[in-house]
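Note that the chains are named A, B, C, D and E in the order they appear, and that numbering of residues resets to 1 at the start of each chain.
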Amino acid sequence: MAPSHYLILASILFTIGAVGVLVRRNAIVLFMCVELMLNAANLALVTFSRINGDLNGQIMAFFVMVVAAAEVVVGLAIIMSIFRSRRSASVDDANLLKY
Amino acid sequence: MLNLAQDPTLQSFGHDTWWLVLAKVVLAFVFAVLATLLGVWFERRVVGLMQVRPGPNQVGPFGLLQTLADGIKMAFKEDILPTKADKVVYFFAPTISVICSVTALSVVPFGPVVSVFGHHTPLQVTDVQVAVLVLLACSSMGVYGIVLGGWASGSTYPLLGGLRSSAQMISYEVAMGLSIVAVFMTAGTMSTSGIVAAQGAGTRFSLFGQSLPGPGWYAVLLLPSFIIFFIATVGETNRAPFDLPEAESELVAGFMTEYSSLKFALFMLSEYVSMVTMSAVTVTLFLGGWRAPWPITIWSGANSGWWPLLWFLGKVVLLVFVFVWLRGTLPRMRYDQFMRLGWKVLLPINLVWILALAGFRVTSGWERTDRLMALGIPVVVALLAIFFWPSRKPAPAPSLQEQVHARPEGSFPLPPMDLQVPPSPRTRRAVAERQPANVGADAGTVGTDEREV
Amino acid sequence: MSDLKFPAINYSALAPILILFGVACLGILLEAFVPRRLRHPVQLTVGLLGVVAAGVVVIRNAGARTLTAGDAVAIDGPTLFLQGSILLLGLLALLLIGERSVERGGAFVPHAAVVIDTPADREQQSGGGTTEVYPLTMFAMAGMLLFVAANDLLTMFIALEVFSLPLYLLCALARRRRLLSQEAAMKYFLLGAYASAFFLFGIALVYGFTVGASNGRGQGGGVDFGTIHAAVQNSSASPVLLFAGIAMVSIGLLFKAAAAPFHVWTPDVYQGAPTPVTGFMAACTKVAAFGGLLRVLYVGFSGAAWDFTPVLGAVAVLTMLVGAVLAVTQTDIKRLLAYSSVANAGYLLVGVLALSKDGLSSTMFYLVAYGFTVLAAFGVVTLVRDTDGEATHLSRWAGLGRRSPLYAGLFTFILLAFAGIPLTSGFTSKFAVFGAALDGGQTWLVIAGVLTSMVLAFPYLRVVVMMWLSEPGESTPAVAVPGWATGAAVTIGVAATLVLGVAPAPLLDLANGAAEFVR
Amino acid sequence: MSLSPYVPIIGLFAVAAAFALFSVAAARLAGPRRYNRAKLDAYECGIEPSPEPVGGGRFPIKFYLTAMLFIVFDIEIIFLYPWAVSFDLLGGFGFVEMVLFIVTVFIAYAYVWRRGGLDWD
Amino acid sequence: MSDFPYLSVLTLAPLVGAVVVAFLPRTRPDLAKQVALGWSLAVLVLAIFMWIAFSAGGDRLQLRESYSWIPRWGVNFTFATDGIALVMLMLIAVLVPLVILASWHDAEGSKRSVPIYFALLLVLECTMIGVFAAADVFLFYVFFEVMLVPMYFLIGSYGGHQRQYAAVKFFLYSLVGGLFMLAAVIGLWVVGGHTFDWQHLVDADINTNTARWLFLGFFVAFAIKAPFFPFHTWLPDAGGAAPAGAAALLVGVLDKVGTFGILRYCLPLFPEASRWFAPWALALAVIGIIYAALLAVGQNDLKRLVSYTSVAHFGFIGVGIFAFTTQAGTGSVLYMLNHGLATGLLFLVVGMLVSRRGSAMVGDFGGAGRLMPLLAGVLFFAGLASLAMPGTAPFISEFLVLLGTFTVNKLVAVIATAGIILAAAYVLWMVQRTTQGTLNPALAESPSMRRDLSVREKVVVAPLIALLLLLGFYPKPVTDVINPAVQATMQDVGRTDPAPAVGNVQEASR
């Protein structure tokens, strides 16, 4: 498998995530889509790094992992608090803020 | 003693012919299954002996085939699929557990380089630069089997059991992960064969101007890490005294409640394989792997050929015995005690220990006085901090009567003044001061006070 | 044995950032070990002292022009200027956040599940209320300081998250209207994470471009702006990766800057978040976001200016248009200010796109001026309240001028500043960015800016009409007497708006003196 | 022909998976099947199962908290491993950096401890 | 005494007064009124001294002062005045005390603070003086915009019926114009070499196309301000809603900023563009004359009617400016002054009527002259002045405009002349319907309608009437001041008069 295939995979994953955020309605699913996008970016970083034998990309991936984890923690906290006060994780149910 | 001929290095791997690889894989798998069969028998016999009863002794010699019989019986039990279950996940959960626990064996070194039909090959399925990460990954992924199984059952007890179990496993995973850091630091590698080799290298320490060979096992060099690792191993495998997911009195059979037939058997299998795998990992990381223990090393051939397999298996059996021993002697911990042990005792000790070790190693090249200063000052500061830490005196516990009186108005019908009615058991329970669990005692040698961290 | 090269770290240059991170960590410890009753004063004092200390260091660093920490951080004129402004604005925001006398117990809730005015709530607030907001704010500010100083995209990404994550949480902490607040936080978080994912993928693509460009020339790839600049200048490689990367990185930054069409979170979050936090976001986040944008465009991608200018120009026009037009229809003062902030993001983009020294300095000037004004605006919003908390619906503001002429007057002044009436900072800053953009040849942007300013004047005027020209009704809320903190913040904000409108020369000179990036 | 050292891991994985799937499938075929509605209900100690949906029910917030704490410390471990492996290379500089890092995590840890995040009851 | 900083002091003095007045206690409105009046009189005195200090035949811009403000942008506090501005400054200085006196009781009707009303009037005076005295484009723009704020509150807070609507409309129109100008100002700054100094900018060489755009930016702003025909719709509303005093200032002075701006900025800065646009501007002006006059005829509301007459008059001024002859130009400037006096008087008198009746509708009056002969007489005089009756000052200016225009553009002059006839129609009809004819019985029952002019009101109207008559017979002191400035302006535009101009003016003014 040529390395460029990984790039294509990364783009596909990213696109899935990006589209998922736009079409799905459950906060948790949205959140997972975002994580998917982050990991797609990681894959792209590592692949670029691999193709050109440059280590920087892999180091970046490390940092991204940390950031993603921090995001998970914060995001879960927020989604949980909204879930506990509404009993629903659907984004559509959260509709108090409108024009 | 560095890098003897039989010591495999990372370069030794990836050169086997295909049939050798296949053979190793199959053998490793067979080892896992056999270990389970024998392990269950072993456990029942040993516990039986401890409880002064025979244990299984009917099927086969010494009841050796009892487990096999149980397994076959299991296969012919009805396979129940509860109506509320999530079919697919319910189906796959046990397989995840098994796969994860078995796969971990792939990087465990069973022995040195041996000669098989003219091929020189290490007695180990494979080794990679990040072998220990593979181990950790396997043990982490195992959580999925449990939590998904509990969730997919569509029932309350399994769900809670699965959650508890996953909380427990990830808590102890942290402790486990941290305790390995010291090993990496000392060995300078993450490959299992490399770690075994590093332990073989031994250490030298100087005493009165003489350089003497010291012990090489990390269980000795890194004792705190070893103890924490082993405790975490027990927690990670859900074994007694940490077998909370299956606490019968609270959660029936935990995440396995809705499982029957071979699916149930698979969960059992994975538990025992985990036990064996974890023992093997402990041996690899801390007990010198396949290397012979000290008195045997007098015989120079002890660490070559197929012999090390024996030492290795012996150490594993010993550890499995400790597992069984713990089960036979210790009562189950309460969940809060258990979590507190993991988060409040093991974790901080681990971090402090890592820092201390790192500091020790960093300063190893320094002048003696500098080194004493560098190491001594933080220690002194820490000790002073501990001694002079403003200890909060707990407020004198109000008597039961006072507490009853202090309740908010209207929460409970008050007895008339003249009638001395003792507080009801419910009230007593509600207001009873929770005594902090004496976790230090449970952790055995870890014994410490919370303030110390 | 060691063949690793450790980067040299200029600690004094990094000191402001380190101080704030230290203060934030200290804040967490205080939170853990200081008795509840003392926490609020102690935290506030420590926070203010930390900000002041960082500010002093920034001033002491004034002449520094250096790259440090392995070229990951650039301490140069714009960095110092923006850091200074973030600290200054953050100080005011901290004062607003620290207000405890307007509402007993403050505007923040510790636990999402506790309903206001229940015994549990009263108990929680009796000891000075929630104080976790201070460490969170300090972390956010520290992240912002790092963000404007970041000289590579990865550092920038991390800083972005460091200042975003606390903000997400801060948004969820409103003590009243909790559902609204949580919803705002969730939206902000989901969209923010979405945007940062784009940013990150953009980084990956840019990295791919640089490693591709460096292929065969021996030097490695990377995402620091020097490498990117060199790659953009010299590369014969296909620029597809670069353009896609720029686009995605820009999306991430424009989201934070609240530029259309990435502004959709702004009104919701501004409305739902606790008002002091809204002020903090409106002022400081904007500074940080535009600081980052300036550096990315001016230092990293300047070689591709011809390619991104039209696109960003279109974004700027759309932003101004959306902000101005939608502001007209708003009925909630916080939403109105949110849309106005969107429109202001558009004006700032006009300044950015001048792509010149003047553009840089005028944008920085605008950021400071706008920050002061918007903080004062939200400060006043916190004061207009009745027994149910802040009264943010516009109909409630009718006749406010009769109830409390002072605050209505201040708010009118602020609105006039937003509308760009001369003798307010709103005018001078608009003048600065438009002038720079016209100088830079972006006539069409200036024209769009002027046209939208006309539209935007209408909603402001409507509020003024509401306050002064209507008679107060039954539902007109009283204006709370501000505590010293809010009083100081509003006073400083309004005074700065006036001073920067009447005598902007010193700050302009300062901004101009600072307007030089190091590469 | 030499295989990548990772291949055997996949091999063992495949063998284990084959075995497990075979067992699960075999149980379907080998076991008897006697329909009984009660048998297919969720087990609730012999009483009628409660109508409360399992997924929709609430469980203690502590589980989430534990999960978050785990993530935090797991991340710490991620950074500790490479540092530990190349500890000798990194020397004093690496040590100081890591001390700062661990101290930072420790601060958060102390906070969580003091605010009762580690108490399970 | 000629190096006394007249202009800056003149600008700042009312502001200081405003602050003083604003902080007077709300409970003592009379004190506030007295202080405000005193202050404005002091300003008037200062203005008279300035008039004396100005040498009619001297430099074009005199009394120049310059202080650095924002050096980075080349912005200075530069004040200077030419003849045109000087006349306008005098007009302001004269009108404001009268307006203050006239609106002695205006603010009491509303529930708002009285001192604030007078403070706002003084602030307005400050900004008006500033806008005429500025010789720095930036400074001019600042005053131009800030001027809106006090006026906005005067209309919005103290106005009559529909005051909110009127105030907002006024503000938005002006602001829109202002923003167009802002764009043009910035553009001018960029192409003019980063300076705002008027003199430098006049000398700057600007690309033809750019100049046309910039001209348009300025022109739109001034056309709205003035207001010229399609942009005029705010004026009747604002004029109708504003309190009489404020309306007098609004129409009498504020709107002159538009025409003044055209003379001061559009023409000298963009001569080529001015010539290019002149036909269009002329067309607009002429349409404005006829259209506004027609509308005025149909108005029932007195204040709105007066506002429409102003629009028509501004048409005349516009025609005068864009005819590009010295005669017409001088006529325009003179018209600006006279119109300020005449319309100011008209507004004040109408205000007196309205405050007595409590209504501005023409139908509510009728035969009021029988009850209040003096007031009716003044109204009649004001109306005549407004329709440029010979003998009153506006006659001269209107005549000059038409004469000057006729020499270059006969068609425009002819159409504009038709406007005079319409003017006669609406003024006379208005006067007839309100003060003549049969007495409206409702009026007789109203006691306030029986009060003729009080002493205060007499003091208000007397100086205006006197000035109108004086300038109607002897405008020379004013024309002497105006003429050089207008000539210089026409030189800037590059148009020389087809016929010997100065002599004609002198002749006509006699």
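The rule is simple: contacts are C-beta pairs under 8 Å (C-beta built on N, C-alpha and C of every residue); 3 or more make two chains touch, one makes a residue touch a chain.
In UniProt terms the chains read A = NADH-quinone oxidoreductase subunit K; B = NADH-quinone oxidoreductase subunit H; C = NADH-quinone oxidoreductase subunit N; D = NADH-quinone oxidoreductase subunit A; E = NADH-quinone oxidoreductase subunit M.
Because the structure is predicted, anything quoted here is derived from the model rather than measured.
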item: Touching both chain B and chain E (chains); value: none
item: Required minimum of steps from chain B to chain C, each step between chains that touch; value: 2
item: Comparison of C-D and A-C by number of C-beta pairs in contact, larger one; value: A-C
item: Longest centre-to-centre distance from chain C, chain (CA-based); value: B
item: Chain D and chain E, separation of their C-alpha mean positions in angstrom; value: 82
item: Separation of mean Cα positions, chain D and chain A [Å, integer]; value: 20
item: Geometric centre distance via CA averages, chain D-chain B, whole Å; value: 14
item: Euclidean distance of C-alpha centroids - chain A vs chain B, Å; value: 33
item: Listing of all chain pairs that touch each other, if any do; value: A-C, A-D, B-D, C-D, C-E
item: Touching residues (chain side chain A, partner chain D) in the complex; value: 62, 65-66, 69-70, 72-73, 76-77, 80, 84, 87
item: Parts of chain D lying in touch with chain A, wherever the complex brings them together; value: 56, 58, 61, 64, 67-68, 71-72, 74-75, 78-79
item: Touching residues (chain side chain A, partner chain C) in the complex; value: 7, 10, 14, 17-18, 21, 27, 30-31, 34, 37-38, 40-42, 44-45, 48-49, 51-52, 54-57, 60, 63-64, 67, 70-71, 74-75, 77-79, 81-82, 84-86, 91, 94-97, 99
item: Contact footprint of chain A on chain C as seen in their complex; value: 112-113, 154, 157-158, 161, 165, 168-169, 172, 178-180, 182-187, 189-190, 193-194, 196-198, 200-201, 203-205, 207-208, 211-212, 214-215, 220-223, 267-268, 271-272, 326, 329-330, 335
item: Residues of chain C that touch chain D when the two form their complex; value: 1-4, 6, 25, 28-29, 31-33
